[in-house]
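Here come two complexes built around chain A, the first alongside chain B, the second alongside chain C.
After this line comes the complex of A and B, so read on.
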């Protein structure tokens, strides 16, 4: 029943897509200045049906309608209500439907909200966006249909992978999808802009908001994923340079570069070609990431749902996208003249792009090189985290320095004199760094430089905030918050990295382990029944030997019944200055429990500063046009 | 005669070119240093030039009844159903580290039969098997 409704709705969306393209094509030939009402109606209808199809799937999940293969494979009647809903996008087919939803919704919103812009440009955008929609709809129908039915209807589902049953991971995919698929709209807009010749400032204004929206959601999505990895995977880290994580970072670098150079295009009406390239690249990288993750070509710890046949389809689609983007770009792109002054804000924004491009290339090589080597020579390798740390971290130093002084320059040619202020703040930063070095311990020259520049950026941002209050000009606020967030993020990651304590050992129940600073007493274990799992809870008493402070930590081992899986839940005590982190795991046929104990300073500040980066973007979205 | 504009452009292009080469050199050099090779127990037995004391990965299945634990470390055997290697590891194991399931150990080889791991990788999905291990098993099944 639901299967037929769902497929029916998808087919309707498909037909509407064709109709929209046809209607838009006809409308291009008329001389009227306004887009026909019928096109709005078609697009609205398409949006309605797409959203309905998604609700159909969600209803299937809520009712545990196992006549849908997708529900049968990923749900279970005993699953908590919230995760039944989240299950709808917690798998490949369902998330693809979410993907199509975002494509369609953005297509409609772009059409409606850009009514001030050129008609041909909007129509072409609509056409290209609908080609994308068609591509993914065919993929959905032919290869990954969430509405496929199964007969005879099974009585019980297989259940959702327990480590996905988590609030952070329930919202992680929608956030990332709005971020990554949201890029599609300015991919289409960039193509439309090339064809219709509607470029420059006005083009920048038309896509500005959409770039910001997708940037905000991407940033937030990546952060939520990191937080989840931190507390759920039990390693106590939050970023592992795993190929899947890298896949999410690639579009982020491109979009961050885009966001910055878009400002130059809007204010100075230059860099048009570069902005177009970044628009195209961002969505291409998003799809590439999806291809790498979904095809199973990457060997990653985060691999959930992979299937080579999906890979081939996405690869073909991706090649078509790149190919047509290249053709249109090289046939339609016009020559530009650049007139940049070294002491101007645009030069520094361009510097940001250089760094982003470098990071992008580094991560791309590190991620793809193992695949190429495997295909070419059959040698299996993986690229370890040290590669990224060695290549990327040193460059964060000049990046942060430029991030601090760049915004001090004004457009075109700067007359501002702020050399003494910079020197003063730099000396302040060095002094603070030496203070930390002197009182809290030694670290390498590289760390010294990182701390100093991070503090420099933080101080600079604080001064900018002060200036903001004097000038009462809100326009700079989002930039300052995001830059400040970045400075704090690097600073706290540095501190965290430098001063973390980690102990691994095996203990039996009742035993006591003494480390340099802590005494860990494994008192006992108890079992607790929950709705869909049984938990073995370990009770640990932790004494800080320096100040005799006693704390209790109770990590869990959860035994899920459907599917039968173990998960380890870390016990985390978060305080303003540090996190205590303890995981316990049981090893087959033995009385020993495997314990990992960590003390991680300023962990919560890493999250706060990362969220600040995203917050800057969200604040910018709320600012009114005349303020921004 | 070159005009100032052309001169500037040449300067700009050559500097971009040089910077890219330096960057590429920098990236590739550290890439080369930080590659982890993946081997199966059989490959370790057979290959003459296997490096000792260098980080690498070993993968296969955890042999049945092979996990032993003491105060300090966990020991277990990785097998590809042809050859075996003993792994010693001190640290937490992932929740999907189970006997007769796929596993990848990262660490250093101390001799051809003994491997000291500093990281154990298992996957999030209980039905998932790393492609390398799948290949090994398929090869040995023939």
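After this line comes the complex of A and C, so read on.
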């Protein structure tokens, strides 16, 4: 029943997509200045049906309707209600439906909210967006249909991978999807802009909001994924330079560059071609990332989503997208001349772009090179944290320096009036760094430079906040918050990296282990039955030998029944100054448990500063036009 | 569209990348080291865990009829589980070389003190690079060599009763 409704709705959306393209094409030939009402109606209808199809799938999950293969494979009656809903996008087919939803919703919203802009530009955007929608609809119907039915109907489902049954991971995909699929709309808009000749400043205004929305969601999505990895994977780390994480970073670098160049395009009416390239690149990288993750060409934590037959489809789609983008760009793009003064804000914004481009290329090479080498020569290599740390970290130093002083310059040309302030803040930053170095321990020259520039950026941002209160000019607020967030992020990651404590050992119940000012007493274990798993909980008493502070931590080993899996839940005691992190895992055929104990300073501040970066973007969205 | 060298280069580059992706879809993604069976191990030099002057190389292994090389670490839980089989193999006069993988010396010594030392020689590999030469990608792993230094058996994961019996049978 649900299967038929779902497929019916998808087919309707497909037909509406064709109709929209046709109607838009006809409307392009009329001389009227306004888009026909019928096109709005078609687009609205399309949005309604798409959203309904997604609700149909969610209803299938809520009611545990195992006549749908998708529900049968990814859900179970014993699953908590919240995860039943989240199950709808916790798998390939369901997430693809979510993907289509975002394409369609963004298509409609872009059409409606840009009513002041040129008609031809909007119609072309609608046409290109609908081509994208069609591509994904065919993929959904032919290869990855979430509404495929199964007969005879199974009595029970196979369940969702327990490691995914987590609040952070339930919201991680939707956030990332709004971020990544949201890029589609300015991919279409960029193509439309090239064809209709509607470029420059006005084009920048038309896509500005959409770029910000997708940037915010991408940033937030990446952070949530990272938080999840921290407390769920049980390694105590939060970024692993895993190929799939990299796949999510690639569009992020492109979109961050785009967001900055877009300001130049809007203010100075220059860099148009570069903005177009970034618009196209961001979505192309999103789809490339999807291809890498879903096709199984990479091996990583996200392999639950892989299947080579999907790979072929996405690859064909990707090829069509790239080649049509290239052809249209090369045919329509006009030469531009630039006239930038070295001491102007636009120069520094361009500098941001150089850094983003560098990071993008580094991560792209690190991610793709092993694949290329393996495919072409059969040699297997793995590119991991050492490569990224060596190549990327030193470059963060000049980036942070420029992030501090760049915004001090004004547009076109500025008199350098802030030299003494910069010098003063730099000396302050050096002093604070030396203070940390003197009182808390030695670290390398590179770390010294990182701390100093991070503190410099933080100080600079704080002074900017002060200036903001004097000038009462809210427009700078989002930038300051995001830049301040970035400075804090690097600072706390540095501190965390420098002063973390990690111990690995084996312990039996009743044993006590003394290590680095901590006494760890493994008191006992108990078992607890929960709705869909049984947990073995270890009770640990932790005594800080320095101040005799006692804390109790209880890491768990969870035994899920559907599907049968073991997961290890870390016990984390978060304080303002540090996190205590304890995991235990059983050792087969032994009374011993493997214990991993970590003391990670300022962990919570890493999250707070990362969220600040995203927050800046959200604040920008709420600012009214005259304020921004 | 006017064609120019730069445009052609960009097109070729994109086409090449997409081609590699397409080829990549067909390759087998499971990392499999069973193909190492029958191959000869490369030359190596293993420094003893005590950092003293003792070291062994491929020449020393040629003297043994069979050598079992076992990769272990004190932090590795399954290593603990397989340890009693190693002790038994050692009792059966099988030469065992231990390679201590990404471990601290003191922890490794305590590990052997606690569980017993089945190894004729323990080499250190604190950064894991030597283990890569042997095609090891996770521990515990063990490889059985004959006197020609040919790999005749490879065990990925802990040795259990079945593996233990097979090693004894092969080494008879």
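Just so it is clear, the second predicted complex is superposed on the first by the 627 of 628 C-alpha atoms of A that agree within 3 Å, B and C clash if a C-alpha of one lies under 4 Å from a C-alpha of the other, contacts with A are read in each partner's own complex, and residues count from 1 in each chain.
One rule holds for everything that comes next: contacts are C-beta pairs under 8 Å (C-beta built on N, C-alpha and C of every residue); 3 or more make two chains touch, one makes a residue touch a chain.
As the structure is a computational prediction, the values presented were derived from the model and not from experiment.
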Room on chain A for both chain B and chain C (clash or fit)
clash
Just checking: does A:451 make contact with chain B only, chain C only, both, or neither of them? Give me first, second, both or neither.
neither
Which partner does A:568 contact after superposing on A: first (chain B), second (chain C), both, neither?
first
Once the structures are superposed on A, label A:161 by its partner contacts, choosing first (chain B), second (chain C), both or neither.
first
Counting only touches as set out at the top, which of chain B and chain C does A:506 meet: first, second, both, neither?
both
Let me test your reading of the model: by the given contact rule, A:379 touches which partner, first (chain B), second (chain C), both or neither?
first
Which superposed partner A:587 touches (first chain B, second chain C, both, neither)
both
Look at the residues of chain A and decide whether chain B or chain C touches more of them.
B
Would you tell me the residues on chain A in contact with chain B in one complex that are also in contact with chain C in the other?
296, 299, 380, 504-506, 585, 587-590, 592, 594
Given the complex with chain B, which residues does chain A contribute to the contact?
161, 163, 233-235, 296, 299, 301-306, 358, 361-362, 365-366, 369, 379-384, 386-387, 390-391, 504-506, 557, 563-568, 583, 585, 587-590, 592, 594-596
Can you check the complex and tell me which residues of chain C touch chain A?
1, 7, 10-11, 14, 17-18, 20-27, 29, 31, 75, 77-78, 80-81, 107
Chain A contact footprint on chain B (complex, rising order)
23, 26-28, 30-31, 33-38, 55, 57, 65, 67-74, 90-96, 98-99, 121-126, 128, 130-132
Where on chain A does chain C make contact in their complex?
291, 295-297, 299, 308, 311-312, 315, 318-319, 322-323, 326-327, 330-331, 368, 371-372, 374-376, 380, 504-506, 585-590, 592, 594
